[in-house]
Structure formats: C-alpha cells, structure tokens
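Next come two complexes built around subunit A: one with subunit B, the other with subunit C.
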Partner chain A sequence: MSIGAEPTTTHRTKGPKPAKPDKQGKETNGVGQDRRAKTQGKWATLLIAPTLILLAIVILYPVINAIVMSLQHDQGLDPVTGTFVAGGFAGISNYIGWLFQQCASPSGGTQACSPGSVGSQFWSATYTTFFFTVITVVLETILGFWMAVIMARAFRGRSALRAAVLVPWAIPTAVTAKLWFFIFAFEGIANKLFGTAILWTGSAGPARAAIIIADVWKTTPFMALLILAGLQMIPADVYEAAKVDGASAWQRFTQITLPLVKPALMVAILFRVLDALRMYDLPAIMTGGANDTTTLSLLVVAQIRNGFNSAAALSTITFLIIFIVAFIFIRFLGANAVESAAGGKGKGK
Partner chain B sequence: MSVSALKTPAFDSAPKTAARNRARWASGRTYISAALILIWCLLPFYWMIVTAFREVGYTFDPTPFFTHLTWDNFTTVFSTDLGNHFARNLLNSFIIGGVTTVVALVVGVFAAYALARLEFRFKFLVLGVILGASMFPGVALVTPLFQLFTNIGWMGTYQAMIIPDISFVLPLTVYTLTSFFREMPWELEEAARIDGCTQGQAFRKVIMPLAAPAIFTTAILAFIAAWNEFLIASQLSNEDTKPVTVAIAYFAGAQPHQEPYTAVMAAGTVVTIPLVILVLIFQRKIVAGLTAGAVK
Partner chain C sequence: MRNSKRIAPLAAVSVLALALAACGGSGGGSGGSGGGDAASNLTDRGPITYVQGKDNSNVVRPQLDKWNAAHPDEKVTFKEQSDNADQQHDDLVQNFQAKNASYDVASVDVIWTAEFAAKSWLQPLKDKMAVDTSKMLPATVKTGTYKDTLYAVPQASDGGLLYYRKDLVPTPPKTWDEMMGMCSIAKAKGIGCYAGQFAKYEGLTVNVSEAINTAGGTVVDKDGKPTVNTDQAKAGLNNLVQAYKDGNIPKEAITFQEEQGRQAFEAGNLLFMRNWPYVYNLAKTDGSSTVKDTFGVAPLPGKDGPGASSLGGHNMAISAYSKHKATALDFVNFMTSEASGKFYATQGSLAPVMASLYADPELVKQLPYLPVLKTSIENAVPRPVTPFYPAVTKAIQDNAYAAIKGEKPVDQALSDMQSAISSANS
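Showing the complex of A and B:
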C-alpha cells in the first residue's frame, strides 16, 4: 500500500541502487543501516543491561568473593597459643593444600591429611566425579540416541511416548534419589526382581551402580529429546536418495544420520557433561558420599562448615575444572553451543 | 523370504508380500522398542505411586498392583507430629519458585527480545556469557554466599535462596525465550511500526500478545528448574523456609533409624503429580522450549 511504499521510496533516492529489505526487514544500503544500527545498539544496551547486571550480582560478585576468600587462611584456634586467630593472607596455600592433600599440623606447619578426613579426598573425589561423568554420559548418549530414533519413527502412540519420556525429566532429582533409594533398599524391589541380596548402598561398586542407574533414568529423556530435535532437522529425501543409490541401513546411519545430527548431539553431550561434573543431589541423598561416591560438589559442601576459605579454594578448583572441560569441548570437539544459540553467528537460520 | 514366497499362491505377488512382511516386522520392532522405553520411563514412577498408597506394614511387598490401599501415608506427610511441616515446605517451594520465575521473566524478556531481534556489537559475546552462566556450578556459589549471608543475617531467608536460583533460572529463561522469539512473525511488528507505532508500542501492543505462549512455556521451564533445586536450598535454608526437595531428602520418620519409605513416596507423589500433569498438558511446547537453541 501507499503508506508502506513511502519509506522505501525515500531510501531509494539516497542509495545508489534500489535497496531490497533483507530477511529481518532491515535496509541494506549505507546511511539507513548506519542510523538503524546506532538506534538498535542503544536499545539493545538498554534491554540487555538488567540481565547482565543481575547476573553480575548473582554470579560474578560471589565468584570474586570466593577467589578473595580462597586466598585467606581459615579462621580458627591457633594451634600453638590456643587463641582465636582471624586468618590473614594465605597466598595459594589453600590450593596447594587441596592439590597435595596437605592439612595444618598441630605444630603449625603442614602434614599429609589423615585418611578419611575431607582434606585427604580431593583426588579420589575428582576421580569419582569424572568416573560418574564418563559412565553416565556414555550410557545416556547411547540410550538417548536409541530412544530418539524410535521416537522419530511414525507410529501410532508416538506423542504418548514423547509425553511419557518427559515424566522422569519432570521429577525433582531429590525425589528421584529417594525413589531409587527405595528401589535399591535391601528388601526393595530391585533385589526381589533379580533374586539378589545386595546391600546396594553398602559398598563402592553397587553404590556407584545405583547412582548411575538413577542418573541415567532421570536425564536420558533430556538427551533423547535434544537428539530427536536434531534428527528431525534431517530432510527425509536425503534418506530416499541414499536408498535409491543402494546404501544399506548401517551406511545410511553412519554416512547420513551421524554427521547430520552431530551438531545437536555435541551440544546435548556438552550440556550433560557439564551437568554431570557438578553432580550433587543423587549421591548426597542416596549415599551421603559414603563408599567412594563423594563427588567434588559433595566435598565442597562437606568442607563449608570446616572452614569457609579452604572451601572457597575447593569450589574455585571445581569451577576451573568444569571451565576447562567446557573449553576443551567447544575448542576441539566442535560443540559450539553459543554459535548455534546465536543462530549461526548471525548468518541466519 | 522364501518361506513367504511358498505361502503365497500367486507368484508375481511374492516380493510384495515379502516387503509387506518386512515392513510389518519393522513396525513390530518399533512397537517393542517403544514399549521398552515406556516401561523404563514409567515403571519407577508407577512404583512410587503404588508404594505411596500402600499400608506401612506392606512397604516391601513386591505385588506389582495397587494392594493394601490406604490414605495414611498422605496423612503422615502432612501431619506435624513427627516434626515435619510439609504444607509449609510446599508453600516455601511456591514462594521461592514463583518469585524466581517472575524476576527471571521480567528481566529476561527484554534481553531475549534484543538478542533475537536487534543487531548490535558484542551480541555473540553476550550470548556466550549467558550460556556460560547457565552452566555455572551451583557449588561455586554456595561457599561465598554461605559466608556472605551469615555476615548480613540472611541465612535461612527466602532471598538467600532466590538470589542464587536466579543465577541458573535467568540464563535458561533468556536463551529459551531468544529461540522462541526468533521463530515469531515479526513482519507484524514492522507493519505496526509503519502504521506509526514506536518500537516500544509495537513491542507492547503487537509482540507481547503474540509472545504470550512462548513466555508461558518458558515460565513453566523456569519454575520447574527452581522447584527442583536442592543443593543451594539444603545449605542456605532453615526449618521455616526449607523447600520440599530438602524436606523430602531429610523426612523424619517415627523411628530414628528407619526410613519412612511409604510416607516419603507419598510426599514424592504430592510434589511430582502437579509437575507431571503440567508437563503432559503442555508436552509439545515444553519439548520445543527444552530443545530450543540446541539445534537451530
């Protein structure tokens, strides 16, 4: 209509060529774009500022606080004089303490932490955390892929199935932990079903198995839905073409499905890995960290009441470990979640 | 193949029958797989509900059906005789989850609009920061906040849980909404602008009503995330303010060293059923919201 045509006409006189509005309705010729970008920039700053400020308050401030704390000695009684001391600057001694599992000795120096104390568990907790992460994510990827492939097929009751897989996802992890704790109770249904008499939370192997099963049950649906979303992006005619060319089912899977679903799959794995590295709820509720199920998060919480500052050092180490894993993932394995979230760096969808 | 060929009287239809048989076998396998997934996902949930309705004396009865039915467990859950205050815990969860969701939405909707719609420098960086924030480990917040809140007397208050909850609910809100907003028919906004609306007016009068379903879905996801939070609440709440997740984890039974399984399963049923109903009703939208941003 005439109203709609007017701005275009005015622009036409400015630009050398008739400007064709691009997909977002933005003029692509010089002057209009410049002014537009400036006002958009101002708007964007205004709209985004509250979120960034709030995130700075709730994340950045505590993190800086934690780093400052981690460089201080814990408050406590002076081992020599028996008087209360306020701590003071400690340099990186808290970090050294964790990494080499050194605790304060009564004579004022440091010594190896006594077995069983919180300080002696850093490396075992790190191992446990990575053990849980690798096993759960591998199981969840395989199971999730299988679930996604089934859910992608056309059959009656498909939407019912998609609704059903959301049930474990919606249940709070604390409830999941209690539910599986009950299932794995000595007199519980798991032992009765398999005719076993295992004290599931009583020793390392079964306790870890119980936590892994609970975690896989709870989070595979999330994985499956992310992979399913990736599968649905693959056009059906690609498969048809491959079939016509005589590709076997296995070839179609390895040559078409896997490469095309890889971006979505990598993002799903990245999400799950970072989530698994901070695992807390399941071991905290199911075993309380007993029998080699203490993860790094559990260790930090156990330390909080022993001393804020060394707990802060440990939480900073945990954060760094997660950060490094995320970096490796994004850098070397191509799980570029940011790029896909940004719509392919503004290249359009 | 040869077997099916022998069975069919007309020779020319033999390959067709084989193909049909193969298709039937494939669809049969699909149904078997679907049934396995269904059982794996729903059976533990079903077992929780069966146990919730079972008499305490039959806690470990392996009968797979609803037997020895009773409401007693639910009475136990809400009774305060053993020192549990489950009704209070439910209210606390609603307060913490509700306030967190509202704050995250009110703040996040503007950022999501800008990220989805406007062209500006550092957009990529802002998205990276927000996505990174959503993956931030809660345990790295608990330690400094524990000391901070102790110093300023906020331990056990609602804000002591709402503030750290915002750290993961706000990023979730922003990037879910951003992906939803990218899919919306923005030509209408352009039309409103041309008809004389300012950008603000276009946002309020045209975009907000259109965006309502997206915002509602995001609100559900945000609320579920806050409702399910355990780590922060277990450290920073007290008896009066602790939410249901913490209450269920440390539910007190009649005997000190005996887990009150049936009551805990009843409590689990109470907190889970509303979520499950919500999820089943809005299944399509929730799946879209969950996977938003990951694939597009």
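Showing the complex of A and C:
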C-alpha cells in the first residue's frame, strides 16, 4: 500500500523529494519498503536473467561473431590446387571496400569495382533502400490513417471491413510478391486492365513503382491497425466537449485526433521504417534486383554467395545504417511524444 | 508509450541480429584442407542419406524403394530440400561447411559443382572411387569435372531447343542469320519473331552464354579466367543486341523468364522461341495453347550449324565427409545407370545423360523431341565452370542486360564483364 502511495506523492510534489531514503526512512515505514525493494531487486535479477542470457546468445554472440568475421578476408583460390584457402586478417579493408566501392584487382591491389560486381552497387543500393523507405512509409501512413479513421467509426459491417482490410497483411510477403509479379507481367492483369503495354519490370521507373504499389498494398493494413488502436484510446467525451464548444470536424481532427494519436502513429511509423529498410522479398521476387531495385538486403544475400566475410562486413554496415536511423528516429520521436503529451494538456480547454 | 519506446530499438536490434546470425552461423569455419576427409572411409558400407531438391515428379522415392529392397543393410534415406534452387544451394553449403556426415550423397546443380569441389567438399571420383562415364554425353560429364577431375556424375541433363511455328516456317532455320531473315514472316503476321529468357536472372546467363559460345567465343577459359573481350564474344552478344534493337526480339522479351516466353508462344505471339524441353508437353496439351499442332522443335540455330546450347540438369556427388563412401559410390552408380535414366525420362520427363537412351524407341515415342535434344546436348557447352559462379553469372547478367537494352555499347559491356569476372577471381 505504501508502495502504491509512493509514486503519486513524488509525482505531485516535485521539490521535496525524499533525497536519501536510506537514512531518513529507518524509523518510519521506509524500513519495510527498503527491504522489500532489496528482495525485489534480487528477484528481478533472477527473473530477468534467463531472458538476458537468451538475448546474449541470440543477439550479442552473432553480432560479435559477424564483426569478427568481417575483419577477415574472403577465402581465396589457390591457383595450383584449385581449392579455397582461408583469406587471413583483413583489418577494416572489407569495410573500406564497400564504402569506397573498391574491389580486388587481378594484379593484387584494389581497383574501382566494375559494373556487374556486387561491390559496385553499395551506394546505389543504399539510395534505393532509402528511396523505397521514404515513399512507401509516407504513402502507407496517409492511406493507413484514412483507413483507420473509417474503421474507427461505428457502422454496420464494421467488423467485416476490419477483417477484410487485414487480408493483405495476413498473406506472406513472398506470396504477395509472386501475385504482383504475375499482375505486372507483360501479359498480366495490370496491362490488360488498363489497356497499356508497360514493361513493368523492364525499366527503373515502372519497376520501382510496381514494388511500391505492392508494398503499400501489403503493409497499409498494418499501419491502419496500429493507428486504429491509437484512435480507440481517445475518449469519446473529449470529442463531445469539443462539439459543445463548437469545433468543426476539421478542428476536431487537427486539434484532438492528431495530437492524441501521435504517440501511436510515431511507433507505427518507426516500425514501418525499420521494416522498409530491410526490404528483401518484394524486389527479390518481382525484379530480382534488376533496374535499380537492388536494396541493401538483396546486396547482402548476393554477397553471401560470393564470400561470407565481405558479406559480414556489409551486414554490419547495413546494421549500423538501420541502427542510426532507428536511433535518430527514437530520439526525435521521444522528444516529440513528451512534448505533445505536455502540449496537449496545456492546450486542453 | 514508455514501453514501446524501449521495445522499439530492442526489437530493431534483435531482428537485425538474427539476420546477421544467419550469415554468422554459416561462415564460422573456413574451408581448410579436405585432404584427410577425401581419403577416408572409402571402403566403408552402411546406411546413407541422399539429399535432393523437392521431388516434383515423384521419381526419387520409387528408385529408393528399389535400392532399399535390394540392400537392406545399406538403406538410403531421402532428405528432401525445398524446390527453390538458391535455398538448396545454401542448405548444402551450410551442411558441408559443418562437415555434416549425414549428407552422404547430394544432387548438385551443374553450376555448383566447381564451387563445391574447390571447397574440398566433394569426393574426387578417381582411383578407387572412379566412375565409368564413357557412355554419357561428353558435355554433361564436363559439368561434373573441375580441374580435370570428376567430382560429380551427371544424372539428368537439359538442353535448349528452338521451338518454331511450322505452319509459318516449314523448315526451321539452321543458323542465326537465317532465323533473322525469317523475321519478316513474323512482322507480316504482326507477331514477335524470337524470344528467349532475357529478364535479368540466371536465364539471361544461359542465353548470353549460348550466344557467345555459338559465335565461337567462350566466357571463361579452362582456368576460369574471363575471355569475353574477344571478337567472337562480341559477335555473339551483338547478335542479341542487334535483334532487340531491330525489334526481331520483341520489347517485352526483356521481362521474359521461361514461363512468360512459353505463354507468349502458346498464345501464338511468337514465331521462334528458345526454351527447355519441358515446354513441349505443355504446348501440346495446355488448354490455352493455340499452337498444339502447329509447332515443331529444332536444334538452336548456330553460326553455320547447330548452336551451342547451355546445359541444365543435376549431377550426383559424394560428400567428402561421408562415413560410408563405398555404399555411396554404389548408390551413385545405381542412380545414374541406364535403367534409372530411362525411369527418370518416362516418369519425370528428365533428359537422360546416357547417349543410348536418345535412340530408345519407347522413349522417343513418349518424348518425340529426344533426337533434337540429343543434337542440342551434343553441341552444348556447359555454363562457365568456375568456383566463383555467383559472381560470374552476376557480371554476365548485369552487363549483358544493359547492353541488350541499349544502355551500354557492346564493347563497354564486354570489357566491364571481363573486368568484373577477373576481379571476382582474384
């Protein structure tokens, strides 16, 4: 009970926090609290330990292993026996190779990677990855919001609509990709339907458009659902109050819905951004990476078949890129979320 | 909100880490020398495992039943992989890398043999382990050979055929130039003239290699060094580039894999098509096929005779880590025997490796294209035999694709190809 009371008091009275509870609280009920806290701490450690160990095994070990691997040269061919031999320590040359697009040259040194090698595609793949991410996430956010607003309304057949909207999300991405691959074939439905003769997978613009359409179709429901969850958190009386005050529908949307749904929206966007930065299935199946649709993930997989160690370096670079994006996003998102919560309280009439 | 903020980065990290783990796990040990493994267990017998991709036409299990009934102490277990070639490749790599003794005999795609052999994962089939390949079509044996040593025994082959509309062209063209000359017939009919597999994937490597080999060039030499900066190679690639530019290869063919080409041909939209033998039965029987009785097959058109087809198919290899290699060798001989080849052909329409089967009246009756296919395989050149195949095929695809689309001059494409391949080799 005392524990339950504690947070509210500290929360309310900001200034006179119990600065040193150990000394102060020895006479009062703080003693029991302290002990409980101690045993709680032990228990917590014990209970969390399995998770931490598991995470260390499945996250820490592979990451470290990948980094260690990335510091080795790829296996090379012994010209006499024709068998592969270990490449030896490489330092950061694999990383430099990717970032500056340097490949091994026959004479022994390095040269600029020739077109048609995996190494020559790093920066174009990075650009493609971000291009897809920005366009798809923007489209999915707008469409998802729209769908969520519709689904949040009370009307006949609402549950049927919600179930229907989820269908694209429920289909495995590889299946989706194959479906769209057929749709965008030259003799496919897309061309038949619109009476066009576009080579969807034959040049960069249409190929990218095709992938974006497929991705938006597939993942908008995910956005819609997360935003819908956010919308349902908003109590109805806030809207009623706004109506009483004579706010228009647009004002209610911009002044109430948007700020209150923002935290959920931001998390949804973050998830989608991270997801989109790892995009693999759609381009792999629809275009095979042809016509400037090679994403970083495609490049990693292509490199794995050529040599694990360079691939490990590339995965690590990809990991860092996505990590930095996530980090920036979370800082940015965290600041905003706090701000909007405080701002919302201030503005509320 | 607080929680989700914390969870988000954690989730991101864990997902990424899993992705990294996938390659971390498979890359642990480096190849090392397999010398010790290749020399051991040569005379040991016992139960073994056979690994192959998805058995779509149900030919493997009946064969294994036959073997197991005759060899109760040396039973073979079937480990079926997925039907995706890349996944089969990666599965084999992971298990060989881990020196998994339970992958005794594996079905290896013709383009993987050199890579696996160079990694010392495959048992060299010489001396005690020698296999008689004298009755097999020589081109198929080449696909299982690396550095003059046989590492894998051809089991099923595949070669390109020229499908043509015999109602429009009574005699099929013998040469590329002759075929291009016939394109006016297609133009008059308002249909496309020629298509192969020109989308950017493995099929493009097949088609470009065929063009280069047919013109007398080669992609790589005996040591795996690139040889595409020659006049012959240039003439070969130029044939495709020019045909695409002239419209003899229709624009949409740049997006064609096997299936799109087949559909276009069956719809009557193509005069000539390069494709694999599997199309034959489909074009004869498909409900949507409009060319059931009006198409024929011929060897690929060449420079002055039949063209040089690329080869498909699978070889059987014994793992260097197998514990029962004597059994494995017997099993490989059993699976690549003439009787097995015939069963594979009748049951699964798989192209035989044994030369004699192409004249088998029973088989020819069932698969009328066999004599043509024999010509195709006899003149075939395997796709580049190199341990760096993934890099080589990418170099071919990227540069040939750009050249065919007209984004890059042929000379430039070939010199880029040359340099990308030689860089991969070093």
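Simple rule for what comes next: the second predicted complex is superposed on the first by the 297 of 349 C-alpha atoms of A that agree within 3 Å, B and C clash if a C-alpha of one lies under 4 Å from a C-alpha of the other, contacts with A are read in each partner's own complex, and residues count from 1 in each chain.
Keep in mind that, in the parts below, a residue touches a chain if its C-beta (ideal position, glycine included) is under 8 Å from a C-beta of that chain, and two chains touch if they have at least 3 such contacts.
Remember, predicted model here, so these are calculated numbers, not experimental data.
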Partners on subunit A (subunit B, subunit C) - clash or fit: clash
Which superposed partner A:Ala290 touches (first subunit B, second subunit C, both, neither): second
Subunit A: partner with more touched residues, subunit B or subunit C: B
Partner chain(s) touched by A:Ala204 [first = subunit B, second = subunit C, both, neither]: neither
Partner chain in contact with A:Val63 - subunit B first, subunit C second, else both or neither: both
First (subunit B), second (subunit C), both or neither touched by A:Arg278: both
Partner chain(s) touched by A:Phe319 [first = subunit B, second = subunit C, both, neither]: both
First (subunit B), second (subunit C), both or neither touched by A:Leu333: second
Contacts of A:Ala104 with subunit B and subunit C, given as first, second, both or neither: second
Partner chain in contact with A:Gly116 - subunit B first, subunit C second, else both or neither: second
Subunit B versus subunit C as contact partner of A:Asn306, first or second or both or neither: second
Residues on subunit A lying within both footprints (that of subunit B and that of subunit C): 55, 58-59, 62-63, 65-66, 69, 185, 187, 263, 267, 271, 274, 278, 297, 300, 304, 308, 311-312, 315-316, 318-319, 322, 326, 337, 341
Sites on subunit A touched by subunit C in the complex: 55, 58-63, 65-66, 69, 72, 75-77, 79, 82-87, 103-106, 108, 111, 113-118, 120, 185-187, 197, 199-203, 263, 267, 270-271, 274, 278, 287-291, 297, 300, 302, 304-306, 308-309, 311-312, 315-316, 318-319, 322-323, 326-327, 330, 333-334, 337, 341
Residues of subunit B touching subunit A in the complex: 27, 30-31, 33-34, 37-38, 40-42, 44-45, 47-48, 51, 59-60, 62, 103, 107-108, 110-111, 113-115, 117-121, 123-124, 126-133, 135-148, 163-164, 166-167, 170-171, 174-175, 178-179, 182, 186-187, 190-191, 194-195, 199, 224, 227-228, 230-231, 234-235, 244-246, 248-249, 259, 261, 264-265, 268, 271-272, 275-276, 278-280, 283-284, 286-287, 290-291, 293-296
Footprint of subunit A on subunit C - complex, ascending: 1, 4-5, 8-9, 11-21, 23-28, 30-34, 89-90, 117-120, 146-147, 199-201, 223, 251-252, 254-256, 260, 263-264, 267, 387-388, 390-391, 394-399, 401-402, 405, 408, 416-417, 419-420, 422-426
Complex interface listing, subunit A residues touching subunit B: 3-4, 7, 24-26, 36-37, 40-41, 43-48, 50-52, 54-55, 57-59, 62-63, 65-66, 69, 146-147, 150-151, 153, 155, 157-159, 161-175, 177-183, 185, 187-189, 192-193, 217, 221-222, 225-226, 228-230, 233, 263-264, 267-268, 271, 274-275, 277-278, 280-281, 284-285, 296-297, 300-301, 304, 308, 311-312, 314-316, 318-319, 322, 326, 337-338, 340-343, 345-346, 349
